[in-house]
Structures are given as structure tokens and as C-alpha cells.
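Scrolling down, you'll hit the structures one after another.
The following pair of complexes shares a single chain, subunit A, combined with subunit B in the former and subunit C in the latter.
After this line comes the complex of A and B, so read on.
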């Protein structure tokens, strides 16, 4: 294999893998405070790109302002998800109604974006304008964003009271409520955080994926794979799973071509789930019964 | 003879009833609006062509209505967005036939959808004009109601192949398309025709249009020794990514293919203007600037007349002109046949020989429903778009 191919696999594979990983972390962050798999995770990633492009290129706002507004809007949509699609179905989690409610909201977000934004991919602004070839910022920005989010979540969970409260709610929300933790407020904060992480994924990956409404469904799909591979609620597993998925997908693009690459990805995904149904890294905690 | 009040009332009701059947209803029918159904993928990843057709159809309807309608009857354009989804197109077709009772349908504008809707329209004997290119969509025996306004894939294929082999004089080609029904069919037809003409097809593949990086495919084509890349896709995102990947790999191989390669959307997505050089998109003589930068007389006269009423930004002129022509053809069919019956409209269309449209001179007969003249199909320089028209590609006299 030529060097150009290897570098392309590494650059694009790791960049796309980092985006998938961040969407996986978005799924996990929502799940950890509510026990709900929210299918708006991928749409938040899509909105990160679309809103970033809208604020910076269409409205002409400075990049920093556009970035901050993008994260704020995505965090707000995260909160709206909690209020509209999650809270009403929390009492009947065993019926899995959240699948319908979050999927419906996800489709609404996608259709509204298609109508109000564009149905064709739109350009995304250069963020720093640094690098070219395989060192172009479009490849390393998602990786940097993924590393920052990982460090931030580690710091949040290990060094802050709020982070520990998140963990407590994630482990046993009934016990957390008994201890006096504001479970509902923490859940809202968790969805806002998830929204911001999803938005960051889309913003950092905007130059690579463009500002395109259809990215939502794409990210919903591929962002779920690292969650399943890494274990539900396990952020470290999601990040490793996401990066592995990106690399494998890009390598498959080289070896077998675009259409068959998707097939190859899902064959491996199914095999992994057959061998390790809890994901390669297992769930975050074992529950004593 | 005495007539009782009861007998008088019964007689009067019968007379009025008869009169309403023989006089009033035909009068109402003749003043009824002409309902044209329009099935377009107005949203979704392959919506660029339908957006162009939509502009032309709306302009055409407004123009006919402003001139007093067809035989005094106004045209109503009933639009359904199929989103490029054959299932949605089928549902919309059923609705148009059964519930909305349209008199004729334009579209779908996407071959994958048309493959699903054409048999339905044939069963309902619904006059159908469409611009879809898949060859099998036209069969006057199976689908006597379906008429093609644009070129067929074979005609596109001929133009692209002739340009590659006779003007660019390349021997080795790569043929790629997207994963839609259209992309798969077009690549298959194109590969077969190149091989028949003795060319070496060194690479052929379907590419997922949402794939963020096209480098793997570009490098594979480069390794295979392709001297020209023939691309069949309506996805502007895919086209722009291919051009960017070509530039990043330091390759200047020409791209030749689908009209979408010259869409204004592509220009917004390429990383550098130079990435769009040496890209030749299918175009038409009626929409081509000559060496002096002039459009054909008929086209220019129309654009002068339309002025600012017609938005040509970010679309292709032929999509718009085809939409305008479709409305004009339906209106003329109503005028000539004296009504909206499907038999009358179909008979009118079957009798056209070199009907002077804006997009081209259409000819149909009971045995030939491919209406667009092959010699009108040419290649244009993709990056030369102005008002949706392109400069003729290098090599044409």
C-alpha cells in the first residue's frame, strides 16, 4: 500500500473516528442521567456544523462568537430534548417509549434543518486556517476536540462535586435522590452538557463533513456503533470504539470501496456484539443484586 | 288538461336536472382549472435538479395564467415533495391520480422514483412528461402515456463517450456513480458502451454520496491509470469532494459527466477555484455560450422577456427551460385537443415533430417517446456557469 493511502487512512479515519466517538459520548452522557438512549445525539452533531456555518459564514459573526453560540444553541436543544422527549416517558422506561419520542424529535430537527437551511451540503468556515494535506486542520480538529472532551469529562467526574453527583445519579438515581441530590436538575444539566459535546463534534468536524442536514442520520447511525462496541455508558469504551470504527471504515474504503465498506463495518460490528454482547469494555458499573 | 301542482313540480325538477346534465356541467368542466401534478425531490440530498425544474414550472404556470390561461382555463400546479424516495413518489402519484384527479403529471425528476411511478401512471392512462434519463422508462407499448422531454441516458452516454474518446482522445477511463438507482444503472450502461467502443474501463464503482473523504476512490482510479473520470451522480457534495480529493492527490485528470458537475452548489464547496478546472458537464446547445459568449437567439429572447421574474442563481438553465416547456406543452395540448382528456393530450404529444421548445425541438410519435434530439447534447465547461448556462467545452467547432 502506498504511503499516501496509509496517511489518508490514518488522517481521515482518526478524524471521523473522533467525531463518532464524540457522538457516542453524547449518547452516553444523556443515557447516564436518564437511562434513555436519545436518538437526537447525531442531530446535535449535525447542528454543530450547520449552526457553525450559519453563524460564521451566513451571518458573518466572528468565529469565537459563532463557536460559543453554536455550543449554547446545541446545549439548549439538549435541554429541549430532555423536556420534550425524555421527561414525559421516564416513568415507563420498560416500555421503551423513548425510542419513539426521541426518534420523532430527531426527525423533526432534521426536517426543519432541511427546510430552513438547505438540502445541499454547504461550506463550513476555516477555523484556524492551519495545515495542509494530511496535516490539515480538518483532520486534527476533531481529534483535538475529542481529546479535550475526554480530559474535561475526567476532570469533571474526578475533581468536581457536580461531576461526582453525575456519577451518583448514573449509578443509582433512586439512591441519589434519597441522598438529597437534585436528580432532575442534574439530568437537565447532563442533557445540556451532552448537547454541547454533540455541537462540538459537529463544529470540529464541519470542515470534513460540511454543513449538511443529512449528517444527522449518518451520525446517529455511526455514533451508536462505538456506544455498542464500548459498552453503554462507558465513555472510554466509546472513544476507543469510535476511533477504531473510523480507522476500520476508512481502511475498508480503500480495500473494498464505498458501498462494501459500510457492509464490512456492520459485519464486524455484529460479530463483536455476538462475541461480547456487553460491548468490548463492558458496562460502566456492575450492579450488585 | 289540468296539471296538478305535484305533477308540475316533478316535471320541473326533471327538466332542471336534465338541463344541468346537458348544459351546466360541460360549462363548468370547460372552465375548470387545468391541474398539473408535479412530483419533485424538492428536499433531500438529490434535490438540485428538482429545484431547477420547479423554478421553470412555476414561471411557466404564471406566464400561461397571466396570458389568460389555456382556452381561458387557468393552470393549477399541484406539487408534492418526494424527497428522492420512491415510496413517497408512489404515494404521491396515487394521491394525484385518485384524490386530486390531476389532468397530467410532470415528473418525478429522479429516475429511481420514476421507475416506481411509471407503471402506476400507465395503468391510470395519465399523460406524463418527465426528464428522467433511465432508458427503460420509455416504452410506447408498455407506457403509451409516458413521454421523455430530456435526453435519455443513452444520449447522455453517447455525448460523454464521444467527448472522451473523440475529443479528449483518451483510451483508459474510470466510471463512477452514486448508490442511487440512477447511479447504479448509469454506471452499468456507461461501462458497457465504453467497452463496446473499444475503450479500456480501468475502474468502475458506486460511491456513497455522503462519504466525507473521496481520497480512497481517487487514489484507486489513479493507480488504475485512468486518463479520464466519467461521473454519474446528482450529488453536488460528492462531486465537490471528488474534485478536492483529485487536487489533493496532485492529479489533473479530467472529469466528464453528469450535469450536476456544473451546478453552482459545487462551486461553493470546492476548496480552491482551481479544483473545478478540467471538469466537463453534460449541457445542451440551447444553454451553451459560444466562443463570443452568446446564447442561442431563442434562449436569449426568452431570458430577456423573463427578466428578474426568473431566478437562475445556483441552478442550471436547462432544468428551468425544461420546466417552462412542460407547462407550455400541456397548455398547448389542452388548446389543440379542446379539453383535458388523457386521450386528447396523449394524441397531441404523439403528433409533435420538432416542436420548438426553449430547451430543444421535441419530436414524439406513437412509436417513439424519446423526444429530445441527440445532436443538441454537448459538453460544457463546468466552472463557467453564468445564469445556469455553460461555455462549450474545448474541442467543439
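After this line comes the complex of A and C, so read on.
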């Protein structure tokens, strides 16, 4: 095997892995403030790419403006998710209606994109225009974005009051309310943050994945695998899980071909779920009785 | 005979009438409709074959399998490939369908495995992932599936090769699907599915193992979906991966939700409506996914109960007010016709710590057959935790629990019922959407003898089980004094009544050990007195009763032995008289 292909697997694998990891963090951020997982997480990743391309290439806005607008729109979609599909069903969490309400919203977003944008993959603008070959920005941008988000979340949780309030709500929602924390506002903020992270994933990965409506469903699944691997609500687990998934997928792609790589990922996903239902890194068991 | 009596009950006729009406319309369709209607009717019938199976998974068991179109795809490709003989020599049509059913059943279980151990969302995602992958494989495995070009569907011989001939065949399949899904729904399996959905903890305590219950359901659902896939391929005459869009999955799902969970008629109407609807809204074709999704959102937010809930007039009628619970303990000996093998329940030095808190710190308790044993103590002293260790929800870190001479398998609550241990819960755990009688019948799940296949095909064993369970449940309800409410949905009962329903459910086991967690809470003083008589009479049948209560007087009156817990330790144990005069107990708990 040639060195070139090793580097190519590493570059593509880590880059895709970083995108999966960020979508995983999106799932986690939504979960931590609401105990609910949302199917809009993958769509936010898709929108990051589509909106970035729409603002910069179609409308011709400067890149920085396009980037800021993309994040703002995705944060708004995050808040819309909370208002439309999450808040109304929080009362009856045990019926799992959120699975259906967020799935419905997710499909609506995907379908509007397909009709109003395009059903074909569209190009994404060059961001900095730095690097070539395996050092091209399309490979390192998602990794850099992933690192930035990780550092930001660590800083938020360790150094700021808002971050600690997030942790408190995630740890024990009820106790946090009793303490007088504005649980609802924190939840909205959590969904806005999740939206921005998802949008960043799509924007940073835009050159790699292009602006394509079907990325939403794709990221819904591949972004959830790291969550399952790393343990629900565990961001570090998701990042490790995401990078591992990306590398595994690219390696399998190289050796056994695309379709069987997907099958391999699916089989690994099911097996891990069965062997370690709480993920490989962090148990979060709910009390039942 | 019992069967003919049952068939003549007005309630049975009323519940069958809508199905007969739909059947009559379906049979008359060829005489009034053209070939266009034949296609629509055939499509509705095929979809129903799939939805009838999926309904048991989604509507009854509450498992959100959202990517079910994948199993339709699998079935369509397996039958088409085998019938065409491009890969293997051509296979006769019935064998093609049998093979499809087998492969579908296999994948149905494979995709369902995560549901046995995991949260709902994980299962939803795994079915979604499966749907994505099946389409990818169908596209890429060109030598077998024809890739994007596709391949021809199987062709049926006369008389099924005309539009109406094939319609007849599919109608037959749909009727069969309705029949088998109804057989399962109205059996101990169907009730257990709903119990898993709405009261999983109680389901385990009644001996229902989620895995053992769901695996045959997943096999069945997968097989039915795959057979539907084969029929779908025939109807399409030519299949490509594009024919199996995710829209279909959503449509199947909406049909069930619109119809209402735990109903068969509702989802059937939903399927028919959703098959006809797109024909009427053809100009909106490109927005169809969006509209389906919007419809799904509206249903979830506005009418989570679906059509079945809207047309359930019977349960809007007011229940008689000022009803009293008057148990008839004299009926108990009938329920305990087969006396439980007497067995003492023993806790030996049980320790259970949550983090640094020792909820149970070396607890010893012995409950002897025929004895009412009281367990009292302040809040947080470990009473309910002790019950949960005995029930198997927690595994003790030290010490052990035994019944008779056998150790109780730690952390396996679903095995307790078989060992003769029954319980009630502090907060009643009933299936609110089912009647009181059905709730009580859940208690007899493990005594059913007809297996899954016998139930599916309604062999004589199923009828015998049903009659026997119903008779026993009626008797248990009479014994606790609730027979007047047998037909009412359990969710409409008052808290105190629900506790008695739980006792009746526990009595269905004819248990050796009965654990009652605060049964007197919220009862009037008359009702408490009658409850005491009932418990005493239950103990007389040879049952060891472990009673957790706050009403100290109640405990001292009916218990032969009392254990007082404090901070996870046994503070005192003895006869009521001894406890009453125990200085520490009086100081710490009873007060003076």
C-alpha cells in the first residue's frame, strides 16, 4: 500500500470524522438541556453547507457575512426546533413523541431545501484558499472547527456562569428549576447553541460534502453513531467516536468499497449498541423504579 | 357452547361491524370501479399487509420503527430476483414469497435488536440507518439488483394476472393479515405488548420479558413487510430503488398514528385514506413528503390518540359516582385453587449503596408462608428499596435474597413472577388505555399455555387461554370488589381504586409471596378496614404478605410480625406488641 493512500485515508477520514463528531455534539447539546434527541441535528449540518453556498455564491455576500448569517440562521432553526417540536411534547416524555415531532420537522426542512434550493449537489465556496493535496483546507477546516468547538465548550462549562447553569440543568433538571435557574431560557439557549454548532459543522465541511439537501438524512445517521459510541451526553466520547468512525469508514471504503463500508459501519453500530448499550465512554443510567 | 355464546355477544358484533363494512366495500369494488380503482385498491391492500404487522410493533408495543420501507424493499428484491432467475435458477412463485418472508423476518429481528435493550431513539435511528443502507445496496449491487436500472417484478399465473384477479389475491392477503394481527392483539401477547409500551416496570414484575416477547413480533412484522414487498413488486411490474422512498415509511407510520395506538380498525382506515389521498392531491406531488411530514407533526401535537380515541364514545360516558370498594375475601379460595407451594422469603445481610448513601445496610427479613409481615420506617429508611431488591430491579452488593431454598437471581425482575413473587407499586403502574379487566388479565400472562404460533393462527389453545384468563380475572376483580368497573379504562379510576386493580393483578399469579407497597394510601377509613380483612384472608391461603405502610395502627392490627427500618438498618423486629413498646422505635418513629 502506498503512503499517498494512507495519507488520503487519514485526511478524509479525520475530516469526515470531525463533521460527524460535531453533529454528535449537536445531538448532545440538545439532549443535555432537554433530555430529548432531535432529528434536526443532521439537517442543521446540511443547512450549514447549503446556506453557506447560498449566501456566498448565489447572493454574492462577503464570506465573513455569509458565515455569520449561516450560523445565525442555523441557531434560529435550533430555536424553532425547541419551540415547535420539543417544548409541546416535553410533558409526555415517556411516550417518546419527540422522536416523531422532530422527525417530522426534520423532513419538512429537508423537503423545503430540496424544492427551493436544488436536488443536485451544488458547489461550496473556497474559504481561505489555503493548502493543497492532503493539506487542503477542505480536510483541515472541519478538524479545526471541531477543535474550536471543543475548546469553546470546555471554556463555557468551566469558566462561565451560563455554562455551569447548563451543566446543572443537564445533571438534574428538576433540582435546577427548584434552585431558580431559568430552565426554559437555558433550554432555548442550548438549542440556539446546538443550531450554531450544527451549522458550523456544515459550513466547515462544505467543501468536502458540498451543498446537498440529502446530506441531512446522511448526517442524522452518521452523526448519531458517535453519540451511541461515546455515550449520550458525553461530548468527549462523541469526538473520539466521530473521528474513529470517520477513519474506519474511509479505511473500509478503501479496502472493501463504498457499499460494504456502509454495511460495516451499520454492523459495528448495532454490535456496539448491543455490547455496550451505554456507549464505550460514559454511562448515564436513568432510574426506573 | 362458549364459542358460539361469545360470537353472539352484542359487543363482539359491534366491534366486528366496521371490519365487515370495509370488507363488503372491498368485495363490491370490482363491480363498480374501473382498472384505475383496481390498482388503488390493490395498493391499499398491499400496504395494509405491511401496516398490520408494523402496527403490532409501533401501535401496540410502542417501538418506533421508522425505516420500515427497507423491509418492503428487501421483500420486493428477494421475490423479483428469485422469480427472474438471473442469479439462481428460477424459483416457483410460492417459494419466492416464502424466501422473502424468511429474509424479511431475519432482517426484522436484526434491525429490532437494539430495541430490546435501548432507548426508543436508538431504535428509531437504527431502522433509519438500515433504510439508508438497503437503498445504497440496491443501487450499487448491479449484478444482482440491476442497480439504478432495476429489474422486473414477479409475474403471477392466471387468474391472478389481471388487474382484478391480482386485487382479489391481495385482498385475501390483507384479510389474512388482519386476522392474524387481531389474533395476536387480543391475546396475552397483545396485552403484554401494550404493557411493555405503557407500564414496562409492571410488565417485568408480571413475568413479561421484553426480549422474549418482541422477537416473535419482529419476526412477524418483518415477514409481513417482505411479503407485502413481493406483492408490491408485482403491482409495479418493474422495480428500481427510487420506488422505495422514505415517504412510504412515513406514510405507514402516519397511518398507524392517525388510526390510534393499540387499535386495528384505526390504522386500517388510516392506510386506506392515505392511499387514496395522494390520488386526489396529484398537483401537489412534489410537496407530498412535506405534507406527510406536516401531517405527522400535527397529529403528534394535536391528536396523539388518533382516530380510535376520537371515536371511543363508550369511554366518555361518566362512571357512577359514589362508588365503594367492597372486597369479597370469601372468593379468594377459588383463586388459590392450586395453593402456592409454601415458601419463605429471606433477606440475608442485604447491602445496597447508591454512591455514598447506604440505602440498605445489612438488612435481614424473613417472611413466612401464611404470615403478614409489616415493614415500616420513616421516609428514606429503605422500605421500597428492599422491595425493589426482592423484585430484582436492584442487585444487592452484599448479602442475598432467597425464596424457599433458592437464591433469587439478582437484577432479573422478569423471573420473579415465575418464582411466585407478586407485587404492587407505590404509584400504581397500570395501562391507562386498557380496561380494568384487561389490566388484571396481564397478571396471568405467564400462565397462558398457547404459544405464539398457536395464538397467531387462533388454534383452540388460544380460545381456552382467553376464556380461562378472563374468568380468573373476573373472579380476582370480584374478590377485591371492583367487578363493577371491569369494562372501564384503568386511567379513569381513582388512585385508591387503581391500587386494588394492582392487587387483583397480583392475585392472578396465585403467588407464594405478595408484596404490597403502601396499599392504604389515599383510602377512606372504611376502605382501609376492608383492605385489612382482604389481606388477612389472602395470608390465610398460605401466602406470605410483605406489607409496606405508613399507617402504624393498620400495620399493628393485621401483622403478625413487624420489621422497623431506619437509615437502611433494621432498628427493631418482633411482634406488634414488642414493637409498640420498643423504646427507640417509639422515640424515633411512632412518637408519643
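Remarks
By our rule, the second predicted complex is superposed on the first by the 282 of 289 C-alpha atoms of A that agree within 3 Å, B and C clash if a C-alpha of one lies under 4 Å from a C-alpha of the other, contacts with A are read in each partner's own complex, and residues count from 1 in each chain.
Quick note on the criterion: contacts are C-beta pairs under 8 Å (C-beta built on N, C-alpha and C of every residue); 3 or more make two chains touch, one makes a residue touch a chain.
Keep in mind that what you see is a predicted model, and the values were worked out from it rather than measured.
Applying the stated clash criterion after superposition on subunit A shows that subunit B and subunit C collide. Touch criterion not met for A:185: it reaches neither subunit B nor subunit C. Of the two partner chains placed around the shared chain by superposition, subunit B is the only one that A:121 touches, whereas subunit C remains out of contact. Using the contact criterion defined above for the overlaid structures, shared-chain residue A:85 touches subunit C, although it does not reach subunit B.
Applying the stated contact rule after C-alpha superposition, one finds that A:250 touches subunit B and leaves subunit C untouched.
Of the two partner chains, subunit B and subunit C are each touched by A:259.
Touch criterion not met for A:160: it reaches neither subunit B nor subunit C.
When subunit A is checked against subunit B and against subunit C, the one touching more of its residues turns out to be C. In the superposition on chain A, A:220 contacts subunit C only, with no contact to subunit B.
Superposed model on chain A: among 111-119, 273-281, 327-335 or 381-389, the stretch of subunit B in collision with subunit C is 111-119, the rest showing no clash.
Contacts of subunit A with subunit B, set against its contacts with subunit C after fitting on chain A, overlap at residues 111, 115, 218, 258-259, 262.
Across the interface of their complex, subunit A is touched by residues 62, 64, 66, 110, 113-114, 117-118, 120-122, 124-126, 128-130, 132-133, 136-137, 140-141, 200-201, 246, 250, 253, 257, 286-287, 289-290, 292-294, 296-297, 300-301, 304, 388, 391, 393-394 of subunit C.
Residues 2, 4-5, 8, 12, 16, 111, 114-115, 119-123, 133, 208-210, 212, 214-215, 218, 250, 253-254, 257-259, 261-262 of subunit A are the ones that touch subunit B when the two sit in their complex. Residues of subunit A that touch subunit C in their complex: 37, 84-85, 88-89, 92, 95-97, 99-101, 103-108, 110-112, 115, 217-218, 220-221, 224, 228, 258-259, 262-263, 266, 269-270, 273-274, 277, 288-289.
Note for the complex: subunit B touches subunit A at residues 42-45, 47-48, 179, 205-208, 210-213, 215-217, 219-220, 223, 236-237, 240, 248-249, 265, 268-269.
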